[in-house]
Amino acid sequence: NEDPVKLGLMLPYSGTYTALGEAITNGLKLAIEQEGGQLGGREVEYIELDSEADPSKAPQNMSRLVNGDKVDFVIGPVHSGVAMGMLRVAKQSGAITIIPNAGLGAATNELCMPNVFRTSFSMWQDSYPMGKVAYDQGHRKIVTITWDYAGGKEDLAGFEEAFTAEGGEIVEQILVPFPSTEFQSYLTQIASLEPDAVYTFFAGGGGVSFVKDYAAAGLKESIPLLGSGFLTEGNLTALGDAGEGVMTTLHYAETLDNDANQAFVSAYENAYGEMPDTYAVQGYDTGMMLVQGLSELDGDTSDQERLIDVLANVELESPRGPLSFSDSHHPIQNVYLREIRDGKHEVVSIAHENLEVPDEACQM
Amino acid sequence: MLHRYPKRVAIIMLILTALVAAFPLWGEAVFGTQANFMLEKLTLMLILALFAMSLDLLVGIVGLVSLGHALFFGLGAYTLALASPDFSPASMWWMLPLVMGVSASIGLFIGVLVIRTKGIFFIMTTLAFGQMLYYFISTSQFAGGTDGVFIMFRPSLAIGERTLVDLDNPYSFFYFCLGMLLIGYFFLRWLTRSYFGQVLDGIHDNEHRMQALGYATSGYKLIAFVIAGVMAAIAGMLAAMQYGFANPAQLGWHTSGEVLMMLILGGMGTIFGPILGAFAYEILLFIYEHATTHWPILMGLTIIAAVLVLPRGIAGLIIAPPWQRKRNNDDAPAAKKEQASEAVQSTTPRKEG
Amino acid sequence: MTEAHSTTPLIDARGLHTYYGESHILHGVDLTLMPGETLSLLGRNGMGKTTTLKSILGFVPPRRGEVFIKGVSTAKRRPWQLIRQGVGYVPEGRGIFPGISVREHLIMAARPNESGENSWTLGRVLDTFPRLGQRINHDGSFLSGGEQQMLSIGRALTTNPDLMILDEATEGLAPLIRDEIWKIIHEIKASGIATIIVDKNIDHLLKVAEKHLLLVKGEVVYSGGSQGLKDDPSILETHLGVA
Amino acid sequence: MQDKTILATHGLTRRFGGLVAVNEVDFDVASNEIHAILGPNGAGKSTLINLLSGEIPPSEGEVLYRGQSIQGKSMRQIARMGIGRSHQKTNIFPRLSCLQNCELAARIHMGGVFGSWRSRLRAHAVSERAMEMLETCRLTHRAYIPAAAMSYGEQRQLQIAMVLATAPSLMLLDEPMAGMGREETAQVTELLASLTDRYTLVLIEHDMDSVFRLADRITVMVDGSVLESGPTEQIRTSEKVRDVYLGRHDEEVTA
Amino acid sequence: MDLAFFSVQLLNGLQYGLLLFLIASGLTLIFGIMGIINLAHGAMYMIGAYLVYDLNLRLGNFWLAIMVAIPIAIALGLIIERLFLDTLYKRDHLYQVLLTFGLILVLNEAQRIIWGGDVHRVPVPAPFDASIQLTDNLQYSVYRLFVMGVCLALAGVIYWVIRHTKLGIIIRAGAVNRDMVEGLGINVRTLFTLIFSVGVALTAFAGMIAAPLTSIAPGMGDNILITCFVVVVIGGIGSIKGAFWGAIIIGMATTFGAVLIPSLASMVIYLIMAAVLLVKPRGLFA
């Protein structure tokens, strides 16, 4: 087959999530470049489409890639709302879609589609392990806080499930209007509730603001701050001192001590002049998944059933540790407990090994 | 304000309509394997044209600039999404009235409140109501929050067991949307030329005087607001049908801004202009997005340029083409003339009483 | 300098052709005004009186023809620059700003007289129009029509112009006040300020103005002194319908 | 007299903050008369008209129109009762053509929103009537020109045409002649004079020639109160009115 | 709710309100006084924050960075006004809405090209990088107090200029009828250019001074924009006083709404706005 493999990248290249879109693209391209820029012996053509992280445009953008550009694989998106819109078209068209970030649980559970893979995480997967960690650290009463949107609530639900199962109590769940970053009144509320710890999910600018305000309010000393890894991911420099000591759980840390990661980090730094983050790894693993899958098929993508089958059975020695896929095409991976020390995510322990997510609704 | 245009407007619009309607005949020859995708895109443009046209009634005809019109678009989408059964298609026969009913009643409710304000305040209040519904939907569990909801099956249009139009077929759906657009167009055209439309013109020009003459201006404005809302909701419903998906972003203010842009690009107050505007906007967007990931700069500059040099939009170009204007023009450049005559108007007080 | 002043016309407009969009309104209007002179612009409604004034002041720049104010060409200059040269403009429709008080109207554009003497100040305006003094802190747009007219004239006077342009300055004024305004116009004239007046009270115009310009459809049909009009009453009769 | 009264006010008062613009005015208008209101600038004449047409509500007192109080009625309802008005400041539809301006005025008696929606048949009658009014006001040649493109004086004429087109039984005219040239003033004066058999007119005007030519009765207001009210001849010769309004010696001015 | 909690929340509400006022004041100036609806207001706020971030890195001093950033912001305003807005004053508001909508796209994308998509921060500058103890476990940044002071001072200055100077009268008059102001021999064009630049600079300045309190990220302006609109509309468009009280109301409502009626927190400001407009369609102070 002489034609190039067409990869449709439906990622945000403008707006709030730009950094994520770029990191994923970088990681993906790095993986493929390492294979000489080829997949299964075929050239690769990238079609980058700005998803603007705008869900209302998602179906038409997806349709453009699938029906217009006729891509072989769609890679995207970052944003869960966009994912919903994409998956709708993925279902109709059967296009193979690899989600390199969006964490909505339904994607690999209720919405169950054989042609959809995820190389990232689900909200639940990254927060569930923290429940036990928090309890083990001796916290009994916890306040949770997040934005009032689907992703945030899914994340808190995972934490709560584990934490209450252990016997802890959620004294208050605070939902902040999305995407407000005005946290002062909530911090005052937290101070007056005097919980043992706070668990939080915010991301991007919101994460930075929250952690900074939390520290500036002097709460960090008296009430430990726990969070999903996205609170601090990609935000280390922006956080500065305020981030020191914050504990989070995530399926990756840039300091992970394994060969794959060390090789990845230095290759990434070489290529792009900056440290990789989780998003870059997710992009990278997406690339590696394609590399492995297509080399097994010698680049033959004509038989879709076979292709799906091969991809589903890919197993990677990823920078994040061992990575394989569940029946619902969701990653089975380690989740690490990380603490920020000297501006780096140091791995404290493996919070949960080879964690598989609940996917009763999707058994393929 | 006369709503009478030169013959060529009708001719151009007829040709364009015929061209669009005949897409199935030539689409494949031009776009090859991409024809299906282009059909889909075209369908979307028809839907957006209906949406933009509905806004024209408010902005172009009554002179009420709404920055919350997407509210109705999203409302139509969500009504369909939430009222559709999970495992079987809904019937168009009651889905359409439902969408119209819901949007009309919400339009009435919001209308009563916003109609009291004017000018900038109307812009801002509609914006606020739009955002209110946006936040309401995006924090509501039943509506799927920020993730939105799926519509599993497209509604069907059938009498008894017999399918009238198979809406699942992209071609039928395309013609269905085209039909809706044409109905909307002729309805609005009739409306603006009717007595009702003249009253709206009067309100646009000098509402106070209309009141002094004895017109219940709020009533007329309210009706126009509701009609515009219902039409936008139908467009929203069609959009949701096309992709089987409803999302809060459909009712955010960015969507309202975009549809305003289509309106101005096409030429407001003309009814046919917004149709052209919707097509032009979508085509430009498509080209820019293809060209670069920095497309917002191109789009932004296009918008700015359109506002500065094409205040009457594409419709203005057709109604009074530049070369025609030149013929009876002596020497002064067009821009200067316009400025001059406007200067005079504004020396006389703008607002009375 | 003073010498030059008296010989250069304050306004010298030649062959003005002015358009609104496509419609050709002024067809070659000539107008000259020397310092201290008073000129009346006559004509029925819609004949181009206001347009002539706006052409001179640059609000509606003429497409052809030239205007010199104090010997300086007005081409490419903005209205404010022309008015800065010492023009007090009272437009038709008064141009009162809503939301701005009477006092604020009277200080916003105030400029002292160059010579400093006999200056129109806030106080002097209020002396002239006591009614304004009683409404000093009221919103200008809430004044009665006549009060607004006084305010508009007063505001123009505070710029201490040497040319007043009054477009229908007595419109809507009660007879008593109207007489008052005519008195002021005489006063203005006496103080050496040149004036261009548009008004429908021809008797008064004939008394106060020494020069008249009669416009019909944007063309000058009479230009000259009062005597000419008095001598030939048919001119006014045919073009203004004055018996 | 009493039975012919079409409009009467009792103790009508309107305050703006501390200012009493209209102060306990009792005033009546007989049908088919022309009743002029005179008074210095700021006397409260326009405010009185605003009260009569419902544009602003009174602070105290009431207005009876054909024996019926207009208390609490909206501007629209009052207009539909047959009171039409013009404004002191030009108040027209600048972007509509002259004819459309008049049509809108002529249309108001065509029923409710939806009822009139259908009435294509009557549309013709409306245009005809509008045209007629333009002719009356000598604006026929301007029929298809946007009102904004007319001169100030023409716009004033259009205002009158519009009031006439609404076919009111009581017309409130606030300085209709302001801004008009001499000839036009004379024309409009004649026009108004010829209407008395059909309309009742309340007229504010500072053009004394017209007022004395037209008015049957005159009410003079000063500082919000009625100074004197009576037949034209009485007012013309009244000393009090001369002092506050007319002024004495036209001749002295030039001195 | 005990007293200490209540008073701290009051302080929070006040502080947020004052900051909102500062951000909204540029909007109300441009929006009410000049009759321009500037949708790009948020983008200008963002640019202010990014400017100070960038200059702070380069110059190593926050105050110096602000000194340099303000002229840049003024220049930006100058360019935008002269290039784009100058021709729009006589047109309907709609055109300004759309033009500035286009500006949002351009400015946001320019931000992305120049500074990228990462989140940044600006450290709290000396001498305000300290805290005071409010309750036994809650501290309050001195910088926040400083910002409050600056906002109050600016509010006073703006109010004074608009209400009590000749310049203020001319500005207000120009908003109603530009040509008539010109007819008085005043150079409105230059004046308006200046005002617009000052408005932009005020907005950008709000972004600069708020930078140490927030995170600097793409899209930060979009979020604040609508809130500012609500503030201005509640207070009455064009009224500095209105913007001030509107901001305080919204500040308080956001703060207390979040705690008292969390389920409506995201809608509370819109509900207030709807309620205000119901009673006073032109805002509280118009």
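Per-chain residue numbering starts at 1, and chain names A, B, C, D and E are given in the order in which the chains are listed.
Rule of thumb we're sticking to: a residue touches a chain if its C-beta (ideal position, glycine included) is under 8 Å from a C-beta of that chain, and two chains touch if they have at least 3 such contacts.
The shown structure was predicted, so the numbers you read here are calculated from the model rather than taken from an experiment.
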| item | value |
| --- | --- |
| Chains touching both chain A and chain E, listed by label | B |
| Most widely separated chain from chain C, with each centre as the mean of CA atoms | A |
| Farthest-lying chain, centroid of Cα atoms versus that of chain D | A |
| Whole-Å separation of chain centres (CA-atom averages), chain A against chain D | 74 |
| Between chain C and chain E, centroid-to-centroid distance (C-alpha), Å | 44 |
| CA centroid of chain C to CA centroid of chain D, Å | 29 |
| Chain D: positions in contact with at least two other chains | 89-90, 152 |
| Multi-chain contact residues (two or more partners), chain B | 135, 139, 294, 296, 343, 347-349 |
| Touching two or more other chains - residue numbers and ranges from chain E | 108-109, 112, 176-177, 179-180, 183, 266 |
| Complex contact set, residues of chain E against chain C | 166, 169-170, 172-173, 176-177, 179-180, 182-189 |
| Partner chain E, residues of chain A touching it in the complex | 14-22, 148, 174-182, 184-189, 191-192, 194, 204-209, 212-213, 216-219, 222-223, 234-235, 237-240 |
| Residues of chain C defined as touching chain D within the complex | 20, 23, 43-47, 50, 92-93, 131, 135, 138, 142-147, 149-150, 168, 171-179, 182-183, 186, 200, 202, 204, 207-208, 240-242 |
| Chain D-touching residues of chain B, taken from the complex the two chains share | 1-2, 194-196, 198-199, 201-202, 204-206, 208-216, 219-220, 223, 345, 348-349, 352-353 |
| In the complex, chain E residues that touch chain B | 31, 37, 39, 84, 87-88, 90-95, 97-99, 101-110, 112-113, 176-180, 183, 226, 229-230, 232-233, 237, 266-267, 270-271, 273-274, 277-278, 281-283 |
